[in-house]
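Given below, in the form of C-alpha cells, are the structures.
In what comes next, chain A is part of two complexes: it sits with chain B in the first one and with chain C in the second one.
== the complex of A and B ==
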C-alpha cells in the first residue's frame, strides 16, 4: 500500500519533468527548418495548397497556441494525428512500444547477467589476474561505440554464423527472445562495464566493513561471506548506477533499433524527425521521458527492498 | 584448572616488518574472565584478532604460539580455522551498529552461524536464534529476531552481537571493547551477562577494553598492555589495589571515581611511542616519573612480584596509591 502511494506520488512529481521535456522538444523542432505540409504535399504543390493544409493542421497558429493545443489534447489522452502516417498517434505508439520495452528489459537483464558475476569474480581476488582481465575487457567494451559493436555482432553472430536473427522483432515470445538477443546484447555490452566497475569498487569497500569481519568471525566460507554479506550490500549503490545507465540507454535505443531494423519507438522517432512530423516526435519524446521516470521508480522500489534502512514512502 | 586458551610469546608485525606486538603471553581457563587493558594502539585488539586468525590485511603474526584446547591455532588451515571461528571461538565486536549487517534480519545473522557449525536446518537454526536472543535477555525474542539492526537500540544490538557469538556453542568468547559504545547502565547489564555466561556455561572470556572500571567490575584476572608489550599481569584485585607498574598506577589515577574532582585526575604526560620506534629500554620510560638510567638502557623483563608479574625494575618503589577504589 505504501509502495503504491509511493509510485503515485513519484509519477505526480515526474509530471512537470515530462511537460518540460515536451516543451523543450517542441521549441527545438521548430528551430529546425522544414515544413510538414510542404513535406506531405511534395515540392510541386501550390503555396495555396500548402497554406490550406497548414491551416487544417493548425500550423498557422502561433507557437504558444500550438503547444497549448498539444497539451490540451494530451490531458484528454489524445496524442494527436500523425501528419506523415496519417493516423492517430496513440495506436501507432502502442504498436511500437513493446519492441522498445523488450529491448530495455532484455538489455538490463543481460547487463546484470554479465556484470554481476564478473564483478564478483574480480572482487574476490582484487589485483589477481581475473581482476585484471575483467578490467581490461570492460574498459575495451566501454570504448566500443554501440553503432559499430551492433554492426559487428549482427555480422558475426547474425549473418555469418546464423546463430541469431540479425534483424526484425520476431514472432511470439521465443521469436522475440532470439530476435532481440543481438540488439539487447549490443546495449548490454555498453552498460555492463559501468555496472562491473561500480559493483567491484563497492564490494571492495564493503569487504573492509566491520560486519564483514563479524561474518568471518562466524566461520562462514569465503563464498558465504561474499554472497550473503558483501554482494547484497554492494548491490544498493550498484543499482543506482544501473538505473542511471538504463535511463541513458532509453535514448540510445534509437541507434540500435536502426541497426537491427527494429520497429520500435526509436525508429518511429527517426522517421518523425525526417518527415518533420512534429506530433510524432513530441509523442515519442513524451513516452521515452515517462519510461525514464518509470525506470527510476522501479530502481527506487528495488533499493527499498534491498536495503531495509531506506523507507519507500 | 588447565587453560583453554594459551597464548605464548606472540609477536605481530606489519608485512613491511614493523613490529606491533612483542612477546605477549596470556591464558584463559573455562569460566574465567580475563581483561586486557591498554590505551588505543597498545596492541590489545590485534592480540585478540590474532587468536581468531582475523588480523586486518597487511598485519601478520611473526612469532609465538596460540593454543586452543592444546591445539596450535597459528598456521592452521583455513577450513580448520573456519571450524574454530564461530564454533568453539565466538567473537564480540566493539561497535554493534557497524558490526551487524544492516541488510539482514538479526535472527538470520544469528542463525547463519548456528547452521554453519551445528548443521541445523533452517527452521531449527531460526528456533535457536530466538532461544539465544532470550538467553541474552531480549524479551519478545521471536518477534525481535525479525527486525533489522537499525530498528534496535545500542544495548539490544550488543546483546544480538553476543547472541551471534554464542550461536555455535563456543567455549571461548573473545570480546573486543564490547561496552565502549554503550552507556553506563547498558554497560553494567552487558558485563553482568558476560559474567553469567562464564559461570553458567563455563565459557572462557577474554575481554579487551581501555576502561579499567570495566575490568575491575567484571574480570578475574587482568593483563595491562603498553606499546605492544605486557607491562603487568595478575589478579584484578592485586593489580588494581596495589599496582606494581607505574603505567598501571598512572592509568588508575586517570580514572574518575565518585569521589574525585577534576583536580584529582592526573593525565599521563607524553604519548605512546609510535609503532617501530627504536626502543632499547623500558617502553614507558619517556613518560615515567620513576625513571632512572638503568630503565632506558635495557627493557625490564616480566618478574614475579607479590603474586603477579610486572615489567618494572622499581615496582617496590611505587607509592601505595591512596586507596584506589573504583566504582564497583
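== the complex of A and C ==
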C-alpha cells in the first residue's frame, strides 16, 4: 500500500516536469525554420495549397492556441494526428515503443552482466593488476562515442564475422534477441564504465566498515564476505547510478536506433523532426519523459527492497 | 521525390542502353517465387498516389499501379494499359483503347470510367495538377475506350500519362474511404500491399490477377527503410537485404570489388545546381553570375563527390530527358571569370551559400564551390541548414545562393519547363516570359526537329541567365547482390520489380 502511494505521489510530482518538457520542445521546434505543409506537399505546391493545408492542420493558429489544443487533447488521452504519416499518433507510438523498451531493458541487463563481475574482480584486490586493467579499460570506454562504437561493432561483429545481424529489429523473440544484441551492447558499453566505477568505489568503502571486519574475524570466507556483506550494500548506490544511466539511455537510443536502423521511438522522433511533424515530436518527447520518470520510480522501489533501512514513502 | 533530393523532384529519363541489368555474375537459375529484400532510404510516408511526393513512396506505389503509358528501362515511353493512341489530325483528340483482360488486384476489370476518374482526380488534386492543365475533357464512349481532348496539341501527353500519379486505380477508390485506400492502394500492377509497418517497412505480395503471364517472378518484396547510409551498406554486405539504394559514392569501388555484389549505375538523371538569387546583391548583376558559372570546377566536384560517376551538366534538363542540351566539358575559366568580376566592380560583400545538411554530395560540392568562388575574389560563407529549413528558405526566395537539386518525373521537358516558368526560374527571380513563349511553341510543335530546335533555344536562354547554374548530372545507383537477376531502373529513377528474380540458394 505504501509502495502504491509512493508511486502515485511520484507520478504527480513528475507531472510538472512532463509539462515543462513538452512546453520547451514545443517552443524549440517552432523556433526552427521549416514548414510541415510545404514538406508534405513538395516543392511544386502553390502557396494557396500550402496555406490550405496549414489551415487544415491548425498551423495557422497562434502558438499559445496550438499548445493549448495539444494539452487539451492530451487530457482526453489523444496524442493527436501525425501530419507526415496521416495517422493517429497513439498507435504509431505503441508500435514503436516495444523496440525502444527492448533496447533499454536489454542494454541494462548487458550493462549489469559486464559491470558487476568486473567491479567485483577489481574490488577483490584493489591496486592489483586486474584492478588497474579494469579501471583503465573503463576510463577508456567512457570516452568512446556511441555513434563510433556502434559502427565498429556493426562492422566487426555484424558484417565481417556474421555473428549477429548488422542492423534491424529481427522477427520473433529469438530474432529480437540476436538482432538487438549489437545495439544493446553499444548502449551498455557506454554505461558499464560508470557502473563499474561506482560499484568498485562503494565496495572498497564498505570493505573497511566494522561489520565487514567483524565478519572476516569470524572466519567467513573472502568470497562469502564479498557477496553477502560487501556487494549487497554496495548495490544500493550502484542502482542509483544505473537509474541515472538508464535515463541517459533514452537519449542514446536516438543515435543507436539510427545506426542500427531500429524502428523505435528515437527513430520516429528524428523522422518527425526532419519532416517538421510537430505533433509527433511533442508526443514522442512526452513518452520518453514519462519513461525516464517510470525508470526512476522503479529504481527507487528496488532500492527500498534491497535496503530496508531506506523507507519508500 | 522532393524530400530527399531537397528539391525539385526526382525522376528523369534514361539514356538508351543505360538501364540494363546491373549484376549477374553468379550461379544458379532464377527461381520462380522467393522474396526480394530491398533497403530504401525511408519507409513509404504516404501511400496515396495522388498526394505523394517522395522517392521511396513513388517507387513503392509504382509496383502496385500502372498507367495507360509506361516509362520502360530503355527510357522510352510505351503504351501499357492502353494499346495505342489514335490522334486526330489537329492533334487535339486522342482515342485510346484499353488493353483487354486487365483486372485490378481485387479481381474487378478495368474500365474507361476508372481511367477517367483517376485522371480527373490528379487534375483536381493539389500535387500533380500542374501537369494536367492541358487536358480539356475525358470521354468514355465505351467501357474499353477513352477519349482525351486537349486544349492545345501536346507532344508530352504520353509522358504525362506515364507519371506514377496517373497509374489507374478503381473509380471512387473502389468504394473505399480515401483514408483506407491510402493505407492499401489498389492497382493493376504486379504486386499488392500485404502489410505496411509504418516507419519501418512495406511488404508487397504478388498480385494473383496480374495480366502479364508469368510475371511477377517474385512471391514477395520487402521495402525496408534504412535512412543511414552505412546501415544500408552493412545490411547489404551482411546479406540481410538483397538490394540497397544509393550506396555512398566513395564506397562504390570497394563494394564492386568486394565480391558477391555489384553496384548498378543508371542514367544521370538528377541535376545538382547552384541557385543564385537575382534579387539579392551581388547576384543581381548578370556579370557576377556568369563569373560564378565560369569559375566552378565541375570536374573536380564530380571526382570528389561522385568518385567520377557523373557528368558536368550543361542544362537544367538532365541528359536522360529528351531534348536536353545535356553535358558540357566542365572546365573552369578562371581568367575570364576574373575579368567579368572586374567589370562588375569586384563586389566585396560576403556571400552566404545555403547548404542542406546531412548529404555528402551537397557537402562536397558546396566546399569546392566555396574555394572556386574565393579564387575569383568572392567571400563565401557556407550556412548549413537541415533540409526542411533549407527548402523553406529557398522556396521563399529568402537566400542569396544555395546548392540544390532537380529531377524530372516524366520523360519530357514540359514538367521542368513549366515549373521553371511558374516559379520565376526555380525561385531565382528571373523574368521567365521569353521562356514561357518558347515553351508553349515547343510543346505544340508536331515537327520533331523543329521541336528539338525550340527546346535547344529555350535551354540556351535559361543558361544565359546564369541564375540556376547547373553543376553536374548524378546517376541513380543501387548496390545489388549477385543473387538478384533482372534488376533495372528506368529513366525516372523507378525500378520495375516484375522482371526481377532471386537465384536459388540465396
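Just so it is clear, the second predicted complex is superposed on the first by the 313 of 313 C-alpha atoms of A that agree within 3 Å, B and C clash if a C-alpha of one lies under 4 Å from a C-alpha of the other, contacts with A are read in each partner's own complex, and residues count from 1 in each chain.
The rule is short, and it goes like this: contacts are C-beta pairs under 8 Å (C-beta built on N, C-alpha and C of every residue); 3 or more make two chains touch, one makes a residue touch a chain.
Predicted model, so just to flag it, every value in this text is computed and none were measured.
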| item | value |
| --- | --- |
| Combined model on chain A: chain C and chain B, fit or clash | fit |
| More chain A residues in contact [chain B versus chain C] | C |
| Which of chain B and chain C A:221 touches, first, second, both or neither | first |
| Partner chain(s) touched by A:213 [first = chain B, second = chain C, both, neither] | first |
| Which superposed partner A:127 touches (first chain B, second chain C, both, neither) | neither |
| First (chain B), second (chain C), both or neither touched by A:307 | first |
| Contacts of A:232 with chain B and chain C, given as first, second, both or neither | first |
| Once both complexes are placed on the shared chain, angle at chain A toward chain B and chain C, C-alpha, multiple of 10 degrees | 160 |
| Partner chain(s) touched by A:268 [first = chain B, second = chain C, both, neither] | second |
| CA minimum distance (chain B, chain C), superposed complexes, angstrom | 48 |
| Chain B-touching residues of chain A, taken from the complex the two chains share | 209-211, 213-221, 224, 228-229, 232-233, 236, 306-309 |
| Residues on chain C engaged by chain A in the complex (per definition of touch) | 1-3, 7-9, 42, 45-46, 48, 51, 53-54, 126-127, 130, 179, 182, 197-201, 224-228, 230-232, 234-235, 237-238, 240, 385-389, 391-393, 395, 419 |
| Interfacial residue positions of chain A with respect to chain C in the complex | 32-35, 38-46, 49, 52-53, 84-87, 92, 95-96, 151, 154-155, 158-159, 162, 165-169, 258-261, 263, 267-268, 270-271, 273-276 |
| Residue ranges of chain B touching chain A (in the complex, touch as defined) | 52, 54, 81-87, 90-91, 93, 95, 98-104, 112-113, 116-117, 148, 150, 161, 164-165, 167-168 |
